[in-house]
Structures are given as C-alpha cells and as structure tokens.
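Take this structure first; my questions come after.
Letters A, B, C and D mark the chains in the order given here, with residues in each chain numbered from 1 onward.
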C-alpha cells in the first residue's frame, strides 16, 4: 500500500484526489492546504485526514506526495519532499524562475527520488496514440510540427498578474508537447505576440495571442500559435508532418450528433475547457505515476522535462520582449 | 440510503454493480447468482454479501433490485420483485415470449412498483442529445428514421440457438430506438433477412442480416438494417429526417487521430463493441434509475417499453418467416 | 465525325448539347423540339440547325440521336431511331408503361442498334469510384445496400400528376443504383410510403416519402429511403456493407470551408440539386456514349437496364398500393 | 470583342488559353513563345495565330495581353505592354528582383494601364467563400492566420537553381494569401527553414521546409508553414481565428467515398497538385480579368499586390539567411 499526502485542495487537487483514490494499492492519507476548510472538505470526502506540511514530511509512512498547491509553493515542497525521500508528483510549472527550477532539479537528482511533472497532455488518449504511431515509424522521420492551443477565455486579470506571463503560464504545456513529439531540443526560438482580446491583459504587461517558431538541433521546425480566447471553446490540436505522411490530433467533442438544416451541416464544438478535455488524461497520469512507483517503471515525464519546458518559456519571453530570435 | 440486491454476477451484472455503487445514497447489499463463485467474487469486490433470491425477496430493507441474470429468469424475478414491492431494474429483454412478458407487465402494474427496462441506448450521450434536440423542435416534425445497427461479430452458435432469434435478441434495441425517437407506434411492419455471414447461423434457424420497414400510425416511416458482422466494428448510427432538417447520430471512436499518407486519409474505426460504446450509457441509466427512485421522478423506460419492443420483434419474426407485411 | 441530332431543347437537352459538342469527333447537327423557339435558340448557340423528327430519321448522315424530350415521347423516338438504324441515347425513364418499354427494348434488340439509357448517376465520380473499388474486391462480397435519395423540394403538382408516381419518377434512379451496385436482381420487393410534406401531393394520388426493401436472388438486401423534400438540399448517399468492410458515397458540397463559432462547427450543406451534383456525371455519360460509339466499346447502361429499373418501379407501386410484398 | 495575345505556350499558358477562349466577347488572336512548335500547336488548337512580341505590341487591335512565359521575361513584357497601352494579366512572380518589380509597377502606374497578377488562389471557390464570409463579419475581427502550404514533391534541381529560392518561388502565393485574408501589412517578419527532404536542394543554396511568422501593423499574427514534399499530396489549408470564431479552408478531394475496414475509416487524400486543385481558380481568375476589362470593374489583384508579396519573400529570404527578425 502506497500512502500519499496531497498538497492543495483546490480544483486540480480535487481532481488528483479523485483519481488517486481509484488506484489499486494506493491510499490518500493526508491533505494539506492553507485553506483549512477546503482541506477538511476534500479529506472527509476521501476518508483522509488534514495535516500540516511539517507533519507530512516527518511521517515515514508517507512515501509519495502529490503537489497541487499554488505555483509559488511548488519549488519549496519539491525540495522538502526530495530531502524527505518522498516520490513526488508536481503540477506544472515547477516554478516561474528558471534558476530556482534548476536548483530544485539538482536537489531531486541528489536525493535520488523520482519527480514527475504534471504534463497531463502526454496522457491524453488522442495525443498518446499519435505519439505511439509516430514512434512506430508510421510517417517516417518527423519534419514539422504545428501546434494550435487556444483557451475559451482568459483567467482573471488578478491571476494573470502573477502568472509569469503567457509563455510560462499557458505555453509551458505546448513547449512540452514540442519536446515530447519531436524528441528533439530547440536550437533557435522566435516568439512574437499581441494583446488583441482585452486591453486589461496588456495593462499587467502580458499578451493574449502568441506565435512561436522553433528550429531544432536536427533542423526540424515547430510552430506554435496560441490565444487566450477562442469563441468556440478549447482548441487543442497539433499535427506532425513526416517524410511519409502526416498525423493530426483533433479536438474532442461531447457527442457525435450531426445536424443538417437549410443553412449548413453542423456538429458539436470542442469540449469546453481542460477539465473536460483532459479528464482522461488526468486519470491516466495519476495511474501512470503510481503504476511506475509500484512496479519500478520509469516515469514518462520527469523534473528534467519541467526545467526544459521552462527554459523555452523563458526564452520565448525574452524573444518577444526583445524582438529577436534567441539561440539556445 | 437505498439498499439494493443484484441478480446476476456475469459481465453485465458486473458493469451494473460498478455503476450502482457510485450512486450517492445507494448501497449494493446483496448479490445472487447460480454461479456461486461469481457471486462471491463480485460481492467481495463491492463489500456486499451473497444471498439467495428467497432471502432477498424476504428482506424488507431491500427496496430495489437489479436483474442482470440470464434472460429466462427475468420474468420470474420481475414478478417476484413486484409481489415483494421492490423497485425493479431489469435487463432487456423482459422475456422471449410475448404472452409471458405481458403477464409480467400486468403483475408490475397491479403491484404498483416501478420497473425500468435496460434500454441503455436511450442514455448514450449522442443518442440522448439527438433526442433532446429533436424534442426541442430543431428539425420540425420527424418524418423518416433510418437505423443502422451492426455488431462486430456474432455470438456463439450455442447462444444463438437459445437467443429467440435475431429480432428478439439484437433488434429489440433498435425497435426501442424506433419507438423512442419517433414517439409513435407501428401500424405496418415488414421484415426480411438472410444468412450471409456464416451458414451455422442458418443451421439453428436464424439469420444474420435483416431489413425491417415500419410505417407508423402517423404515417412516419422507419427503416432498420442490421448485421451480425461488420468487419470495421460496432456500427451504431441512426438519422432522422424532419420537416426542417436532419439529425444524425454517428459512431464514437477511440481517438481523434487523423493520418494522411500516400494512400489515403484515415481515422479510427468505431469503438469495438457495446461494452466500449455504451460505457457511459450504462453508467447514465443506473444513475437515472436511482435518481428517479430517490427523488420520485418518472422513469424514462418502463416495462411497457419492454413489452412494446417485444411486440415488434415478434411481428418481425412472423413477417420474415411468412414473407408478408404484418398489421399491428 | 459522328453527326448527331438532339430531341428536346429544354433544361436537360441543353446540358446534353453543351456536353456533346465538347466530344472530339462529334458534331451536333440538328435540334428538334415542339417548342420551336427553344430549338432555334439551342441550335444557334451550338451552330446546329433545327429539323423535324421526320427529316432527322430520314437523313443517313445522322448516326446517333440523343433523346431529351418529354417522357411520353421517348418510346416512340427510340422505336423510330431503332428502325432507322441510329445509335440512341435516351433519357430515363424509357416509358411509364412497362409493356411499352418492353416492346421498345425488343425493337431495339431486333434492329441491333445500341441504346444507352441516361442513368447518369453511374457516371458520378464518387459513385463510379465506389463501384470500381467494390468490383475490385475491396470490401469482399457485398451483403447490404442502403440508399438515401432526397430532393430539396417537390416539382409542381401539375408535373406530379403526369409523372407516373414517385416510384417511376424519382426512385427509377435508385432502382438502377441498386442493380448496378449489387450486380444482382430483385426476388422480393416491399414498398411503403406516406404523403407527409404537402397534402396536394396526395390529392394527385401520389406520396412524397417512401421506403423500399429488396431481397435479391443471392439473398442480398437493399433498403432505399426517399423524400421529395430535404430542407438541407439534395441528399444523394448510399453505402454498401461487404464481408470485409463498408464503402460509403457521401454528398458533395460547394466548398471546403469549415466554421467554428460559439454555437457549433459547421460546413456547407450539400450541393443544391441534380444540376449541380451531377454536372460531372452528365458530362461523363455523354463522353462515354460517344467514346463507346467511336471505339466500339460496350455501353455501361443499355435499354435492358431501363426496362429492369421500370419493372422495379412498377412492382414498388403495386406493393405500396396493395400493402404487400411482391415476388418478382 | 476583346482581342488578346498570349505570351507563353507551356503548361500554364495552355490552361490560360483554354480558359480565356471560353469568355464571352473575348478572342485569342495571337500566341507567342520562344518555342515556336509549342506556340503553333497551341495557336492551332484555339484557331489563333503565332506572332512575335514586336508584332503583338505594334498591333493596336490587341487590347489585352496574358503573360505566361518564363519568369525572367515577365518584367520586360509588362513594361512593353504598359508602354503599348495594353491591359495586362501577368503570372506570378512579377520578377525575382524587388527593384525591378518596383520599376515595373511604376511603369504600369505611369501608363495608366491595368495589370492583374495571377494570384489564382484568391479565386479558388473555398478560399473566396472564406474571404467573403470573413469580410461579412462572420467571425468578427481577424486575429490570427495559420497557413499550411505543401507541395507533393519538389521540382527539378535545375529549376530550383533559378527559382529565386523557396520564399520567392513557393511562398509568394502564401504571402499574398496573408495580405488578402488579413487585409493588413507586415510590420515584423521572421523566417527560418531547413533542407530536410533532399540534400540536392541544399546544394543549390535552397531549403525545402520553412516557417514564417509575421506580425502586422494592427498587431495581428500570421504563421506560414511550407514543405516541398507532402507524401499525401498537395496540402493547401489555412485558418483564421477571429474574435467571434474561426474559419478554416480545407483541402479538396477527388471523391466523397469513405471506406471502413478492419484497420480504419478512410477517405481520399487531397487532389494531387495545383493543376487539379486550382482548376476552377484558374478559370475564375481569367473570367474575372475579362469581366473587369469588359465592364470597367476594379481588378481584385493588381501589380501592387505582386510587389508587396515579393517584398515579403525578399524579407523572408533575408530573415532566414541572417537568422534575425526583419522590420518592414
């Protein structure tokens, strides 16, 4: 039995809790949150108890922690978890500061613990199937990747002001998709963007529409386009051109109803947002984490992936601000 | 707390068990099965106990029963459940014999208990969304229904020999879809069919490919085509032509990966079979049953629907054998 | 140089004229029509001359005739053309009367002339590609055919009153598709239908919505559903289930624009009607006719096909009126 | 009657010839080509005559010229045509040298003649419908454009050596699409690329895979990705994100056949190459040119568009070579 403590009883913490209690041989023992009421509610729901971080790190029976608290707490919790010898699952991003993230990764490396970063998209059924087919050689050598990543709407301006900017907050996932799908690292990166959907976003120094181009060590090319607002919902697509063909990952939709009328032929718009689209992905990543722990299998994402994605987000932020291509 | 007894610990019984234990305010208390080992295993899994039918019907605390045992036991269990005042969920078909099914329905009526028949397709997200849009008038008055219903492969010949024939075993669902979608009753029915996929099916007096045409009281028209074998998997589609347009229910597929190569552009074939395609439908129907019980809401399918679908299956069998249209 | 006379300068005659003048080695020499003004206009447009039928049949230089005049003139013109030794292209239907159609076919047979019936759908790029792939064995043995055939709207009641009824006027094409695709003949046929879109149609003894089921000599099954009105345009689809898979022929649409908005994801509805959808088919059938004439190739449709389709339309009319299955 | 001279009797010249002779009130009078045999063949086909450029420019009856000769002759012919007061249709690109193209445009401006550049994609039914819907405000304000433009295979290395490079030879069309769709001009442009499909392409100093990002004066963003090789054929798509939704232009395919089998569900790959995909576009642009001439309507593309697209191609070439973003 793997006994687990969960940090963070908010929206994403609740999702992780519900998924982890379904894993065979896994028990949610403790929940910690600065919002004690939220911690209690979630703990009660899953027959767990509320504990402080100190108590959690001190208890040897806890062999794994799941970090779903606010971003500014991630690095500290990862380092404490590493020091205490816990297996760690940490939500993205590791940290908004690249230096601190690297320090964190060193601590994890020294401690010799495992640390999975919650890049859940790798566990989406469509994305994972595409990756498997690409790896099996179905379209030969990959040459070009085009990623479209658009949210249905922007978060609050308050949140945006502390988010680290769109590249670290939103594109961090797309940078991970890029590294994972092309199995390659960036050599040159160019980013640009605009504030087109809401001037309030510009007022906190951020943008809402971006375009990033990456050329890799092997000469492969990736383009990422993102927006904080797509009127039609959550748009999560990518396509890979290879020497023998192309693989595309399309959006998921709620039903397969098609309507014909005097105007047009229509179908459902994509699932609304990440909680709907990535419901399976969140379940799959938690299953993967505990399966890897229980059976000594390698993790599909590690703290290294967290650092590398942040490096790209950092470079993109510089590129956008300085209006120049960045060599990595 | 609604305390429930489950009859049948086979494949479909296990699915119902897993779904019902997730309902708030519902507890699986007993499992009964002629195969005691299966009953024990399922009971242990869900912290229930094994009991005989006699014990179950005698226990007042049990207010609802779920019947997922073999078809030949359905009518008897429904009648005993009705006599004991239990709320009943019964898998389709109610019985292979129309007279017996009607007797059963009378017993339920007299006892004043609720009895839902497991026509799970009505709870499929795609089918339910189509029905709701149709009911909202999106395509005006319905005029024509075309149902395509094909299995990936036939069951064993042993099973087929006791199945009651393709119309009662397989099309029973399609007849229910017909009644539900058009909200109308059959006036004339013509059925024909052939044995095209395996001569062994003919050897037990059955066919594997059928075509049924129904004209309703309001003059609406329905066509149903079925096959025991579709090389590409489980094909579950229908479309309704209305005065203002058409609504189609398409197949579900495992992923949204699209592949382009030198030959063609392809996507996943449909989900393999009913366990995959109707996973959500099975969960939704169980949620509906217990929600209706708990909150005094009307059931979306009743024993009447079970009888009416069987009437159509019976008429279709006669039409096919006698090569003539049947007036209902 | 093949010199041709065209009977009929109406809508379909104009289409045939425009297509035939583009064939290499073919010259439109004469146009005949009871509406002399129409004949003159069409003749002038293509540098042809207006002639009477008598003059045309008397002129030996005319080796081929294209009959696109009103249905009631077809049989007579075919017989006169046969007697005069002309190669004949005749629009469908050959005649509304089965006996007369058979007499016509005998005359053609005796005269030893070729006579192609204008079942243009066989020459539609989508339908022809499907047929070729089926013939190449891509889905094994065909087992079941489902044909959906719906017009955007009904013709005038005046026309309907002389049309011979929906089975001869509209389904004649679908019956030909059935024979062509399954390469088989009907054994049993059941037809039903209703008047659902306009009571005026019933007032001339006709219906607007039909369902036909055919079982063939080899036990194959076909279902045809038709309507005089589809709010979304011309719906021309069919699908063939075979032992190894399924081939579907979908509708054509004007453009490949897809729109995503806050309501749904939509695309163009199908091309409006037969003039748009079968533009290529009309061109291809004319090319085929003259290519066959010039190079001594066999015609893909003959007067025999015209008779057989009419037999099915006749049987369907009887089946519908007499509410019984017809053995052929 | 507009009398026309055509320069260039090659592949594209033949297409223009076939399209222009179909325009009412237009007559192809002369054909000129350095390959006299080709000129004669094309002239004979359309009942035109072969003439030298000198003779053509000297003949007043010729009021319009169509330039479809090799790229290096365009500028000279445009300037001579302008000097002679002819209306000009010129294939893209105007010239490979930006200075010369601008000189050319000045000459045209001074002469006051019309000069349409053959950006035929604007006349593609799908692209034109999308543009019209965008202009009608269907998706609000455009924010982002993603263009995918891939050829089925590269031209000969000999050709590539004189092509001016991929940005001028291939992306010139995509740059025009960008300007036309967003109705905006570039402010910043970044281009990168690789030679991934054939080292011979690198040997002539060119690349085969490119990614271009443009930020416009209004802050809109465009991404273009291209490849000289797509195993699945000619890939010509773009999509526009707007404040109220998205419009996508998809590929065209030869037929609407869909196949289901034990492996997948497939449809036709896109039409092979530009001659197939843009058949209608070539016809439409010629119709537009002569309609504009005959009826004094404004041309939808002018020599200004030719210069602007070349400016972007030039900037992209610099950006790629110098690995930096270019301010325009």
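The rule we apply is simple: a contact is a pair of C-beta atoms (placed from the backbone, for glycine too) under 8 Å apart; a residue touches a chain by one contact, two chains touch by 3 or more.
On a predicted model such as this, the values are computed, not experimentally measured, just so you know.
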Partner chains shared by chain B and chain C (touch criterion as defined above): A, D
Of C-D and A-D, pair with higher C-beta contact tally: A-D
Centroid-based (C-alpha) most distant chain relative to chain D: B
Centre distance in Å when chain C and chain D are each reduced to the mean of their C-alpha atoms: 40
Computed distance of Cα centres, chain C from chain A, in Å: 58
Chain B, residues touching no fewer than two other chains: 139, 230-232, 235, 244-246, 259-262
Touching residues on chain A, where the partner in the complex is chain C: 230-232, 235, 253, 259-270
Complex contacts: residues of chain C adjacent to chain B: 139-141, 143-144, 146, 148, 150, 188, 190, 192-197, 209-211, 213, 215, 219-223, 225, 227, 229-232, 235, 241-246, 323-325
Complex interface listing, chain B residues touching chain A: 125-126, 129-130, 133, 138-139, 244-252, 254-262
